[in-house]
Each structure stands twice: as structure tokens, then as C-alpha cells.
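The first chain written gets the first letter, and so on, giving A, B and C; residue counts start at 1 in each chain.
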């Protein structure tokens, strides 16, 4: 296969072909995975800081015994919304955001497999978040983030607030599912020629596992909260013991998603670490296949441990012992990854940049979170510590320490690519140390509080119980931790304007996203890179780019593909070119469908048939239009040559108007 | 972007030899995975509720009647056959035969859907009656919704076929629909034995 | 865990620590903890040392060199990559997990076993208090559970509302109270004392004030208490004021929700008050049982336990004092 010489069009002209309309029309209609990815990240961090503020209010209340900062009702709403926000509106979607931004760049393609669905999943996420937070006006959900039947049933929680929670989870679950579908097909079908499965960056592996886990786990939470909503709104009795329902069924359904969810969050976080550690150790990741294998193994095993969240429900000991055993075994793949990182650093030359500091901080924190994770898998010990502050400590070591720290590391690592500017290293290191110290002051004492008998989710406690000193310490720590995150927020805003220009590859890293400009052009790669190594930027110097071939299958590889707004489709395992995928133009349809669905959910919430029907109608009409226009993009490869010549130049972006009508038969 | 220079990467861009499914087909395959999980979990919930009850169906509800359910189940499963035929036809460029296959399948699917509505109408319990009623209506209803959706998509595909938007090798959306319809039939292979047959075994 | 002791000592009060075990189950679990703590400390120190050495080693080597573009910049010496993974990621964890698995199975096997001569106690989780019944003796009380030291106790846990969880850290692990299901928590106190417990499953607005106390007494004391309760001692008003209180109590709304044995008050919505005067706490261990607190509670329960299900009363202060005198006399 020949290699490209000079492009036939200038990069400016190419850029114009791919550019969104300016202003609001472009904002609502873009399908560019990078814009959508950034949007995810910005939105998620908005929710992150919101949830953080809620945590600070809770800590102010708990700083001393019998405090009156907030009352019990507001406190219960705060810890519910804190959990809901962190799980459903920050951790899960922010990882999807990074996946959105990075996967097409890392696998060497020009966009996602379904760019419009990609926009759709963002809009659903955003509208879902707004939906949940609009409960602020009526009283926020107060059933705890995972709820518990019958507490979240109509009898004991008659208010609308629980419906905001239940319907909101169903709604945002849709976003996760659709996003995951998109990742799976993108990763399997759009990888650059030569990037066989065993050459994919570990982050791509981790997002693949994330997606498969989400595909199989999310239905469970959708059903847990969805069936609960049926009970609440339509009078069914799934979880009503008096009518043959079962309160425990709710817990089984919820945790069948809930535990995989922990790994859904954790796996991509380790994927980020597996990118950062080798980059700053200056050598390939140790045991690549071990690590990739660990991620896949974790994905499978995580579906067999949910019952360890229910050890106190009085199940037969034999059943619990089984789940206790599986919960111990799931430690092994994480141990393998851990020592792969250690070996990588041990044998490399470590550069202590900010991302690397966050990675090392992650290692030290996750080590403890992992150890306490093993402890709670031990059945009798779990009887003592479950639902106590010990578990609050454990879950924050895992979900805050071992997920949020890698995400902060990833911000420092990839922001130069996303914005073209470096974040300030001094502020970054300061932010890390403040966060690290604050984190441990906040969450370490919680282990001890658990031993001392403090249950989770209490809004106050007696002075005579001996919990006051440690609680005061925790509250001080939380303020320090909050300050640390604020430093990064400031750093981002400051560096956005004043940061040092990054250049293509500021870190001397190995994966494909560093081969294009920072920020990347709309089309990512004018010509698709040809991959012959697991570390293309280290081993293939200079990196070769493809040239379009004469066959229909290879016509999109070179710059001609970018001109045609195409990206090559390759075979799932060995990445042979199979044809081209037409990248759709900007469109409002994803937004309209998402809007229709949110109207439906509002209709369900207020039990107004007309509103619900209007929402369905809007969504169906828009989806129908979408499907009708779609034939062009679906053309299978083997007739590309026979297909009539198409005129793909857009008929002018409609400003404010609806989408342009379908272009009839091909 | 730095100007690339030649390095030998032998063979990586040699085209695949076999005909491949479009990305949308793979997308539908993933949708089916998650949908299959929805049904699997619902059926597991059915069995969970059943295991937790002393009596099943609960509250003296009669076991499902098989007089119509059995034959119409075969009608639904059979509706996959014309789809196989339609698929083979369009692969060879016979749009007319595909239209016929779609139409036959549509009629079979519609008759099954009509049966479901009739069945709901005949039942002596509602979803509010007890947990058995809730889970029965939810599973059968959700499946019926999938059949209804499938019938709608079938119509769209037929319309596209009449408008001449398909030809040999150019039928991606039809292919996606074929896969979906097989799934709808396949789900009933799991739902029917558990919901309709198993209560007869005591 | 010197830190625990040091920090706990710095706090006021005497925390109900699961490590300060006063019954067999809690003691065994504390033993499991100390074993795990020892293992965990070793693992943490060793692995953290690996991390630190790995980082420092790499730094030292870098000092003289420029991080150049030449790849790979691997150091040739040291153990192979796979050696780390095999020993750190597979062999060592398998050994440790094996030990823990054996410990788990052994410990679980001996806990919560049915025993001869158990005292049955039925505990129902309410919103937000505990209904306590001794079925063999037909005695009912609330939130304060008397048990004899040394005798096995079978606590039958259930709920008629939402899920709660029964947790007395010094005696045993948690067990949920679940509607439509009876769970058996079996324990045997080895020492006398009053052991504080909490509801551990979030159950609504006053989850924080759903505490309980298990009072383990020498069998003689327990029997004396039980005989007194069983015989309905102390139910007669002890003074003129108290007698008026009894009249007001049964006349007003109080009787609709509360039961006092031997009177017309037979409500079952709120806790049984037949032994109220002998209890140490009001409101499921929310405030100490004093006359002043009781008067405040009767007047406006909201001010003490916001969101609780007892409605405020519109009694005159005389009536309130009378009721308080009556209730405090029930011992």
C-alpha cells in the first residue's frame, strides 16, 4: 500500500467541509465527537462541584454533635442528591465524555460510528440531569441514592420527589446505554488499519469493557427503578409484600447493576492510569496482555458479586458464602493491574508531572480501598461494618480516590490535546497535594467511626457517643479536599487563556491522539494513520499515513476520504478495510428526539396523558425522519462502486429551521 | 500535521475479502444484547416472585389458557421464515420477493399482536390485582410493544422498498429490521415456556 | 490500631465500638478484624514500599539524563515484568485470599446457630423506634431490650413498614428487619452492661434517632425484671396527680396510639408505655427520660425529634404534668 504525499486540498478547505455552523444552531446540531466529548466533561464537572458543595454542607452539619445547620429532611435530600449526582451525573458520564473525545483519536478514525446517536446520548444525559435537579423546586429526592423498597414506594414516600429520582435514573440510563452501544461499534468497526485488538491502547480496552458491562448491567437498574415507578404511578405490586411482591427483589435488581457499576466506573479509571503511567515512565506498559485480560475478567466476575451488598438481609448462609468467595476472587485482576503499573515504573524512568502525581496518589489510595474491599467481602466482618461509616470510607476510597483521582490526572494529561494549552504544573501539583492530604484526612477517620458504631446516613448524633472528635476532623478534611479541587478548577480557567501552547505531543506519549494537532482538526486525521505497533508514536517514526486506494474499500483511507466526509470501516478483529462510513452532517434531530423523550418523562411524572403523548409523538416523528434519511449512511460497502454518484455538499445549514428534508433514493 | 514519509507497513490496508455487515447492523446487535438482558431480568424476576410465593399464580388466578396462545405462538415464530426468505431475496437483488416476504411476515406478526390484545381482554385479572398480574402484564405487554414497534418498522421498510430505495447490496436498514424481527420472535421462545407453559407444571 | 485508641480517647463519651466486644459473635468478628488488620498492614506497607521505590529508582536514574525521544528507554536490569505480576498480582494475593476464605467459612459456620434454651424476643422495626416483645412472657416494651447474661437469645426481626437494620456493635453484626420476612439474630451476651445500638439501614426522616439499648443483666436481675413486668407491677398510679394523669391519658388522643396494660389505652401505632417509668430514654434513645424532657416531648415532639409520627398535643400544662407524673410512675 502506498503512502501519502502532499494533501490535495489545504487544511483550511478541509476544515470548512467539516465545520459546524457558528453560534447556537451549531451548538444544538453538532455531531462532532470532540465537541460532544468536551460538553460531557464540562457538564459533568458542573455537577461534580454541585455534589461537592452538598457534601460540604453535610460535613458542616456533622462537624459537631446535635448541630442545627440543616434539618433532617434537607440532610436526607442532600446525601441522596450527592450520591445520585456523583454516580449518575458525574462519574459515569464523565468517563463516557473522555471516551467520546479520545476513542476516535486513539483508534485513528474521524468520528464515532453513530455521530448523531452520540449527540443524542449527550442530550439525554443533560436533559436527565436537568430533570432530576428540577426537583429542587418541589423538594429533592430523599430515599438515598440507591433507594430501598418499600421506603421508596408510594405508601412511605408519597411525594413527587421520589419520581424525579426513579424516572431520572431510567432516563439517564438510556444515555449510558446508547453511548455504550456507540463505543462498542466504534471500537470494533472503525479502528485504523493495523490496529489489531492487541494493539489498542488500554484506555480503549477499558472503554470497551465499560460499554459491554453497561449494556448488560443498566437494564437491571432501569427495571429496579422502572418497576418501582410502575408501582408508584400505575399501581402494580412488584415490591408490595402484601400483594405477593418482594422488597428483596428490588435490592437484587438494583445491586445486579450496582456492583458492576462500581467496576463500570473503576475500569476506565484504571484505563486512564494505564495510559498515564507508561507515558511518564517512558516505556511500554508491563504485561499489556495481562492488563487487558484483567479488565475483561473483571467485567465478567463483577456480575457475580452483587449479593455482598445484601449480606445483612438474612439470606441462607450457603448462598452468601458463594458470593463472599466470588467477592474475594475479584481482587485478583486488580492485583495484576497493580503490579503491572509498579513494574512499569520500576523499569522505566519516572517523570513526576501532575498527571503522574495523580496516578501515584491513585495507587496509594486505591491500595487501601482495595484492601478494605477485601475485608467487606468477608461475610461476618461485613455484618459489622456494612451500612456503617466504614463502608462510607471504603466506597469513597474506591469511587472518589480510585476514580476521581484518575479523572483529575486525565484532565491534566489530555487537556493539552483538548485545548491546545498546557495546564499550569505548579498549580497542578499544589492541587494534587491539597487534594491528597484533604482526601485522607476526610475519609481515613471514617473507617474508625464505623468501628465505633456510627451508622451511615444519620443527620446528627449524640455528644455522649464519642464520635465528635473524629467527625470534626473529617469535616476539616473535606474543606481541604474541596479547596484542592477548586485549585484545579481555577487552573483550568486560567490555563484556557494563558496556558503554554502544548504542541502535538507535549508528553512524548505513544498513542495516536498525540499524532494530530492540539486541538485536533474537526476531521481528526486528514489521512488515516497506518498502525504497525502497540506504541505507534514510539516505534513508527515517522508515523505513516494511508493514501486512498482505488478499491471502494480503501477509498476513504487517504485525504480523499476526509474530503468526502467519510471514515473507513474495518473488520473487527484484523482491521482490514471494508468500506466507508459517511459522517452525517449536523442535525437537530438528536436534540429533538431527546426533547420529546424528556417531555414524555415529564408527562409520566405529573401523570398527564396528553403531555406524555405529545412527548412520544415528538420523539417518534423526529426518529422517523432520522431513520428515513439514514439510508445514505448505511450503504454497505460492496456496492460503493456501483452506487450512483452522490452530491454530498450540504444544502446550506438551516438556521433555526427544522432539518432539511430527506434526500430520496440513492 | 507533520508531513508523513513512507515507511513500510506491509499488507495492513489490503481489503477484507468477505462481505461484511454495515455498522448499523452491529449497532442493532448491541441493542439486542441489552434488550435481551431486559427480558432475561424480567423473567428472572418472574421466577423469583414465584419462588417466594406459596401459590402460583397468586390469589386463585387461573393458569394461562393455551387454546389460542399455542397456535399463535407458532404463527409468531413462523413469521421469521418469510424474513429469512426476504433477506436471501434482497441479497440477490430481488426487491419484489423481499416485499412479498415482508408483507407475509407483517400479516403473521399482526395476527399475533391481535391475539395478545384479545388475550389481555379475556384475562380475569389486571396488573393491579397482585404481583403475578403485575409481572404477567409487564412481560407480555413489553413483548407486545416490541411486536408493535417491529410492525411499524416493517411498514417503513416496505415503504422504502416501494419507493425503490433498495437494490442489490443496498438495503442496510432492511437488514437491521430483519435482525430486530428475529429477536422479537426469539424472545417469545423464552417468554412463552416460562409464562404460559411452566404454570401448568406443579 | 493505636490511632483508634488515641483518637477515641480524645473524644468525650464511650463509643459502642465493635472491637469492645461483649458477646460471642462480636468477639469472633473482632478477632477476624485483628487478623485482617495485621495482614492489611503488611500488604499496605510492602506494596506502598514497592510504589515508592519504583518511583524513586526511576527518578534517580533520570537525574543525569535528558528525557529524550529515543525509545524505548528501558532499563535492562531488575526482575522481569512478568515476575512482578506473577508474584505481586497472583501468588501473594491467592495465598492471602485463601487464608481469608478459610476464616470466612469457619467463622460463619459457628455464628448464628440455633441453641438449646434460647430466650425468644420479637423485635419489630417501626418508624422510628423498636417494638420489643417477649412472647413466652407476654411482655411488651420498646427500644430497651433486657436480656440475661450467659443465656442464648434469639431475636426475631421483622418489620411492618420499611426496612430497618438491627445493629448492636458490641454484641453482634447487623441483621435487617424486612417486611414479610422474619430474620433470626442469635447472640449470647458474656458480660453485663447497657449496649447501645442503632438502626443501620436508612429508613426515612428520623433514621438518625432510631437507636436502642440492649441491657444485659445477670440472670437473677433479669428474672426479677421479667417477673415484675409479667405480673403487671407498677401499673397503678402512685399519686393523686398521677391518677388524674391516667384519666387524661385514656380520655385524650394518647390512648389511640399507645398501650398501657390494665387500662383502656390499647393503641398499637406508637410504643407500649406500660414500663415507661423504668426506661432510661425517650423517643427511641433520643433524649434522657426526665420529667422535663417528657413534658417537652408531650407538648411538642417535633422539637426533640423532627418528623416523628407523634402529633403535637394541645393539652393544658396541668394535664401535661399529670400525664408525665403518671407515665414516670410506671415502673
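Some observations on this one:
The rule is simple: a residue touches a chain if its C-beta (ideal position, glycine included) is under 8 Å from a C-beta of that chain, and two chains touch if they have at least 3 such contacts.
Everything numeric here is computed off the predicted structure, so don't read it as measured data.
A centroid comparison over C-alpha atoms places B as the chain most distant from chain C. Centrality annotation: A (chain centre taken as mean Cα position, compared with the mean over all protein Cα atoms). Note on chain placement: the centre of chain A and the centre of chain B lie 30 Å apart, centres being C-alpha means. Distance between chain centres (mean CA atoms), chain B to chain C: 51 Å. The mean-CA centres of chain A and chain C are about 37 angstrom from one another, to the nearest whole unit.
Not a single residue position of chain C touches two or more of the other chains. Touching of two or more other chains is recorded for no residue of chain B.
Each of residues 246 in chain A touches at least two other chains. Touching chain C in their complex are the following residues of chain A: 71-73, 76, 142-144, 148-151, 156, 241-242, 246-248, 281-284, 286-287, 290, 312-314, 317, 320-321, 324-325, 328-329, 331-332, 335-340, 342-352, 360, 363-364, 367-368, 371-372, 374-375, 377-388, 445, 448, 451-470, 473, 508, 510, 535, 538-539.
Interface of chain C with chain A (complex): residues 3-4, 7-8, 10-19, 25-26, 28-29, 32-33, 36, 40, 43-44, 47-48, 50-51, 53-55, 57-59, 61-62, 65, 67, 69, 71-75, 78-79, 81-85, 87-90, 92-94, 96-97, 100-101, 103-105, 107-109, 111-112, 127, 157, 161-163, 165, 167, 169-170, 172-176, 178-181, 183-184, 196-208, 306-307.
Within the complex formed with chain A, the residues of chain B that make contact are 1-7, 9, 11-17, 19-24, 26-27, 30-31, 33-35, 37-38, 41-42, 45, 48-49, 52-53, 58-59, 127-135, 137-138, 156, 160, 163-165, 167-173, 175-176.
Within the complex, the chain A residues that touch chain B are 1-4, 6, 11, 113-114, 117, 177, 180-182, 184-185, 188-190, 193-194, 215-216, 218-220, 222-223, 227, 230-231, 234-238, 240, 243-246, 249, 252-253, 256, 504, 515-517, 525-527, 530-532, 540, 542-546, 549, 551, 553-554, 557, 569-571, 575-579, 581, 624, 627-628, 630-631, 633-639, 642-643, 664-666.
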